[in-house]
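Same chain, two partners: subunit A is paired with subunit B first, then with subunit C.
And now, the complex of A and B:
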C-alpha cells in the first residue's frame, strides 16, 4: 500500500512517501506559511507522482499535534472530522487552525484518496484520572477543558509497543512497566504500563513539563502572572518569553537545539545540560515510582541519537534507587522517525 | 501566532491595496456614501465575514462571531469625506487613488479610507488565520461623520448593533494617528450668536464689534481655539437681525452650557457698546438627510473625550502591539484646526464605550490637498489592528509553541 505522510509546521511542510512500509522519498517544502498549504501540497503531489506513488491510490496521513478528547484515535478526514476539529480549536488555537487549513487543502490536492488525521494527544486521552486532573474546581476544569496531555503520543505509543514486544520475546508475561523518553525539541517522559500511559511530563499545554529548546518547561504560574502583569508584558509578551525565548536557549543565551546541549563540549552549554538532565532524572524517578519499578527504558524522538548521554546520566541513579529491573539497564532505542510512525497509522486502518 | 498573521497578511496584501485604492476612487461625500458602502459590503462578503449587513442609515456592518457572547470589539471607520476644497490643486483628480513613492493618494486617504481598509482586512486576516475568537469582532464602515457630527455612529450603536444584540465593550477607530495609540481629543461646539435691534445702525455696529472683538485668539498658538464667521443680516418680524456663526474648541471637562453662557455675556458686553441690541447665543441645530433618506436632527456639539490611559483597553492594546513587534506610541489627537474630530466623542461620552484610535494616516493630512497615506503604514496598521483585536477578543494562545514540538 502506498502512503503519503504530511507533517505541517509553522513555516514548512514535511512529507514522506512510502511503498508498503519502505520509505521512497522524504523532504521538506519551505515557506509553507507564506505560500499557503495548498501550494506546498501541490508541490508534494508533483514529487510523489514522479515517484509513482499515485499510480496505486495512496493513503494520506496528516499529523496533528492536538485533538483533545474528540480524537481518541486516528480518524478519517472528512466533514465530520473538520467539525470536531473546530470544536477543539479553542483548546489549542494555533495548531488546530493550521491543521484545519492543511486538512482542507489535502481534500483538494488528493481528492478521493483515503486520508487520516493522527494526533499526538490521542494516546493520552485515557491517562488515569489522578494523573490528568488538576487540583482546581471540577466545574472550572470542565468548562475550560483543563487537563493534562502529552504531546509526543505517537512516539511513546510506538516505542512502548516495540519495547513490550521485545520484553515478551524475552519471556516477560505480565504488562511491562516502560519508561518512555522522547528526545525531541520539547522532550517528554511518560510512564507506560503495557500499552497504557500512566504519567506524562507535559500539561494542559506544552509549557508544563521538561525544559525544551525554547520553552521554559514547568514554572511557577506566579512567574507567568508577574511577567504578564507587573512586568507589563501582557499574556502575549509573557507567552513569547516563556515558550519562545526560554528553556535551553534561554539558559545558553543563544538559540540551541537539544542535541547541541546534550553533546556539545562548549562551556556555555554545561548549565543547560545539567538542568535538563536533572529534570529528566526527577521525571524518570516519578514515572518509575508511579509504575512501581521499570522493566524497560526506551528512547525515541528526533534526537534519539543522543540517548546514550541521557541514559548514562539518568539510569545509574534509578538503578541505585532500585527502580530498574535488571534487564531495564539495557535500554532500548526506537529509531523510527515520526514519518515512519505515521505511515504505520495508515496501515492500521 | 504573530508569524502566522504576518504570513497570511503577505498573502492578503495585494487584495488589501486594491480595496484601499477602490475606496479612494469611489466618491463618498458625507450623506452620499452608498457607492462606497456597496464596495465595503462586497469586500466583507469576499472575506467571508459571518454576518454582513447595511443598516437603515447606510452604515455597513460585518461581524466575525466568537464562541462566546462577548466581549465585543468594534473596529470603526467612516466612509465619508469632506468635499475637496480646490479640485484644481490635485494632480489628476481627488479620486485618482494613484500610488507614488510608496504613498496612496486620494480624498480621504488619511481620513480615513486607509484606516477603513486596514480594519476590514485586519478582521479578514484573523478569519484567514483561522484563529478562534472568544467574543465578537464587529467591523463598521459608518456614514455622515464629517458633516453630521457622527450621526452614523450614533445610529449604529443606538439602533443597528442593539437590534443585532451586540453591545461593544471596546472600540478602535481607524482615524489618522500615524500608527499611534490615541485615546482622546478636545471637543468643539458650533454656536450661533443672534443679535436683534430695531435700529439697523446699532445692529451693524454691534455685529462688527462682536465679530471682531470676540475672535481674538493667540496668533502664536498652533492650536486653533475659536473661529468667528462673518455676520449674516436679515429682517425678521420687522426687526433687523444678524447671525454670527462661531466654532469653539471645548477642552476636557468644559461644559457646552458654561461656554454658551460665557459667550453670551461677552457678546452682550460688546453689543451694548453700540446701543440697544438683544443678544442670544445657542448651539446650532439642524436636520441632516442621510444617503439612505433618513432624516436626523443634529446638535452641532462634539464634547472632548478621553479614555483612561491605564484602562484595560489601552493596556491590552499596548501589550498586544508590543508582543507583535509593533511600535507603541500613546498620545492624543491635537486637532490643530477647528472643524476636526472623531466619533470617539459619541462612543466615549454618550455610550460609555472605551475607545482608542489606531490608523495609518497622519492627522495633518486630513482634509488637506493631495491627501495621502503611506502604503506600508496601511499594511502595518492591518497587522497591528489584528494583533490588538486578537488580544482583546481572541482565544489566548498561552503555553503553545508555534512550531513543531
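And now, the complex of A and C:
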C-alpha cells in the first residue's frame, strides 16, 4: 500500500512517501504558511507522482498536534472530522485552524484518496485525572478546557508498544512499567504502564515541562506574571519570550538545537546541557514513582541518536535509588522517525 | 541567654521565649488580629509555665504588638529577653547566612522586602520597631532561604535568557529552609548519622504552605518552591506548579490585572480551589472517605491531585539524592495525618520505602519511625520547631565570633 505522510508545521510542510512500509521520498516544502497549504500540497503531489506513488491509490496521513478529547484515536478525514476539528479549535486556535486548512487542501489535491488525521494528544486523552488536573477550581478548568496533555503521543505510544513487545519476549508477563523519553525539539518524558500513559511532562500547552530548544519549560508561575508585569512585556510578549527565546537557546545565548546541546564540546553549551539533564533526571524520578519502578527505558524522537548522553547521565541515578529493574539498565532505542510512525497509522485503517 | 523569637505573620505575631543553650521554653504565645480593626478584638494569648491568659488590647501594627508582648514579659524579671531572634521568609540573593542585625543588614532587608510581598514587609517593620524601642537588645535575623543557599546553580536556574535573569533576578530560592534543616538535624540525631553525611528527603506538609527538600551531606540541594512560594506542591490555597501559558491566559482574562491573578493562584486555588469546600486537606480527605457527600467525585479528585504531586516530587528527589537515609514528614499535615504519609509512600518499595501501616496509624509521640524493619530508607515523622531552630541559630550567632563559627 502506498502512503503519503504530511506534517504541517508553523512555516514548512514536511512530507514523506512510502511504498508498503519502505520510505521512498521525504522532504520539506518551505514557505508553507506564506504560500498556503494548497500550493504546498500541489508541490508534494508533483513529487510523489514522479515517484510513482499515485499509480496505486495512496493513503494520506496528516499529522495534527492537538485534537483534544474529540480525538482519542486517528480518524478518517471527512465532513465529520472537520466538524469535530471546529469544535476543538477554541482550545488551540493556531494549530487547529491551520490543520483544518491543510485537511481541506488534502481533499482537493488528493481527491478520492483515503485520508486520516493522527494527533499527538490522542494517546493522552485518558491520562488519569490526578495527573491531568491542575490545582485550580473545577469551574475555571472547565471554562478554559484546562488540563494536562502530552504532545509527543505518537512517539510515546509506538515506542512503548515496541518496548512492551520486547519485554514480553523476554518473559515479562505483567503490564510493563515503561519510562518513555522523547528527544525532540521540545523533549518530553512519559510514564507508561502497559500501553497507558500515567504521567507526562508537558502541560496544558507544550510550554510546560522540560526546557526545549526555545521553550522555557517549567518555571514558577509567578515568574511568568512578573515577566508580563514588572518586566513590562505584557502577556503576549511574555508568552513570545517563553516560547521563542528561552529554553536551551536562551541559556546558551544563541539559537541551538537539542542535539547540539547534548553532544557539543563547546563551553557555552555546558550549562544548558546540565540544566536539561537535571530536569530530565527529576522527571524520570517522578515517572518512576508514578509507576512504582521501571522495567524498561525507551528513547524516541528526532534526536534519538543522542540517547546515550541522556541514558549515561540519568539512568545511574535511577539505578542507585533502586527504581530501575535490572533489565531496564539496558535501555532501548525506538529509531523510527515520525513519518514512519504516521505511515503505520495508515496501515491500521 | 533568654532569646525571644518572633515569627511574624501578616496579621499575627507568634513568639517564644527560650533559655539557651538549655533550650527551655520559658514563655510563648500569639498576638492575633494585628492591624486594622476586625469584627473581633485584637488579643494576645500568653502562656508562662503552663499558665494561660488572654489579653485584649488594641494592636494597630506589629510595633504595638511587640511592645505589648514585651510588657507582658517584663512583669517577671526572670522573663526579660536578652536577645531577639526574627524569622524572615526571604533573604534574597545576598543573605547566604543568618545575621546579627546592624545598619547594613537593615538597609538590605528594606531593599529586598518586595521579593516576598506578603511575608517580608511586616517582619521588616517589626525588626525596625524592635531596634527603635529596644536599641540595646542584640537582634538576629534567620532566613527561610538560607538553608537553600547551597542549591547548585543547575537546580536553581530557570531556562530563561541570561540578560533577563541578570536584570530581574529570576531564580529558584526555595523556602521552609529553617524547618527542613531543623527536622533533618533531628532525624540525623535519631538515626545516629553525622549531619555532614546525612541524606534525606524532607516533606514539610503544612496546613498552609508545603514543600519538599532534597538533602545531601546535610545540605539542601533542591526545594519544590521556586522564585516564590507559589511553585511546587499543591498547597492549601496555592496552585503549585502550573503551565506558565495558563498563568498568562489568566492574566489576559483578568484584563492585565496581575494582582488579581496572583490572588487567585495564591489564595483561591490549591486544595480550596479543587475541593470548593475547605483549604485543609484533612477536611477533604475525611469528607471524601465518608462516602456520602454529594460532591464526592470532586473531593476525591482534590485529594488525589494533592497526594499525587507529593508522590511525584518524592520520587524525583529520592532519585536525585540516591541513597537516602530517610524520608521525613513534618508540620501539621506531615506530623498528624497518617493517611497522607501512607498514600504518598505506599508502593514505593522500589525506592526502598516500606511503611508499616500500624506504626503509621498509631504514631503519637514524635519523633517516630514508621517503617518496617525491611525498609532500606527509614520513614520518619518529626515535629518541626522553627522557633527552637531560630533560637539555636541566634544563640550560635551571638555566642561566637564569625571566625569561631567558621572554625566550628
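Here, the second predicted complex is superposed on the first by the 349 of 349 C-alpha atoms of A that agree within 3 Å, B and C clash if a C-alpha of one lies under 4 Å from a C-alpha of the other, contacts with A are read in each partner's own complex, and residues count from 1 in each chain.
Note that in this section a contact is a pair of C-beta atoms (placed from the backbone, for glycine too) under 8 Å apart; a residue touches a chain by one contact, two chains touch by 3 or more.
It should be emphasised that the depicted structure is a prediction, and the values quoted were computed from it without experimental measurement.
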Taking the superposition as given, does A:239 touch the first partner, subunit B, the second, subunit C, both, or neither?
both
Kindly classify A:255 by the partners it touches after superposition: subunit B alone (first), subunit C alone (second), both, or neither?
neither
Is A:286 contacted by the first partner subunit B, the second partner subunit C, both or neither?
second
Is A:312 touching anything from subunit B or subunit C once the two structures are fitted on A? First, second, both or neither.
neither
By the touch definition at the top of the document, which applies to A:207: first (subunit B), second (subunit C), both, or neither?
both
Regarding the shared-chain residue A:168, is it in contact with subunit B (first), subunit C (second), both, or neither?
neither
Of the partners subunit B and subunit C, which touch A:30 in the superposed model: first, second, both, neither?
neither
Subunit A: partner with more touched residues, subunit B or subunit C:
C
From the superposed pair, tell me which subunit A residues show up as contacts to subunit B and also as contacts to subunit C.
203-205, 207-208, 215, 224, 228, 234-235, 238-239, 242-243
Please output the residues of subunit A touching subunit C within their complex, sorted ascending.
129-131, 133-138, 140, 144, 146, 148, 199, 203-205, 207-208, 211, 215-231, 234-235, 238-239, 241-243, 245-248, 250-251, 253, 271-272, 274-276, 278, 281-290, 292-294, 317-318, 320-323
Would you mind writing out the residues of subunit A in touch with subunit B in their complex?
7, 9-11, 33-34, 36, 65, 89-90, 92-95, 97-98, 100-101, 151-152, 184-186, 203-208, 212, 214-215, 224, 228, 232-240, 242-244
Applying the document's contact rule, which stretches of subunit B touch subunit A when the two form their complex?
1, 3-4, 7-8, 10-11, 67, 129-132, 134, 315-316, 318-320, 322-324, 387, 391, 394-405
Name, in rising order, each residue of subunit C that touches subunit A in their complex.
153-155, 157-162, 164, 167-168, 170, 172, 222, 226-228, 230-231, 234, 238-249, 251-252, 256, 258, 261-262, 264-265, 268-271, 273-274, 276, 298, 301, 304-309, 311-324, 347-352, 376
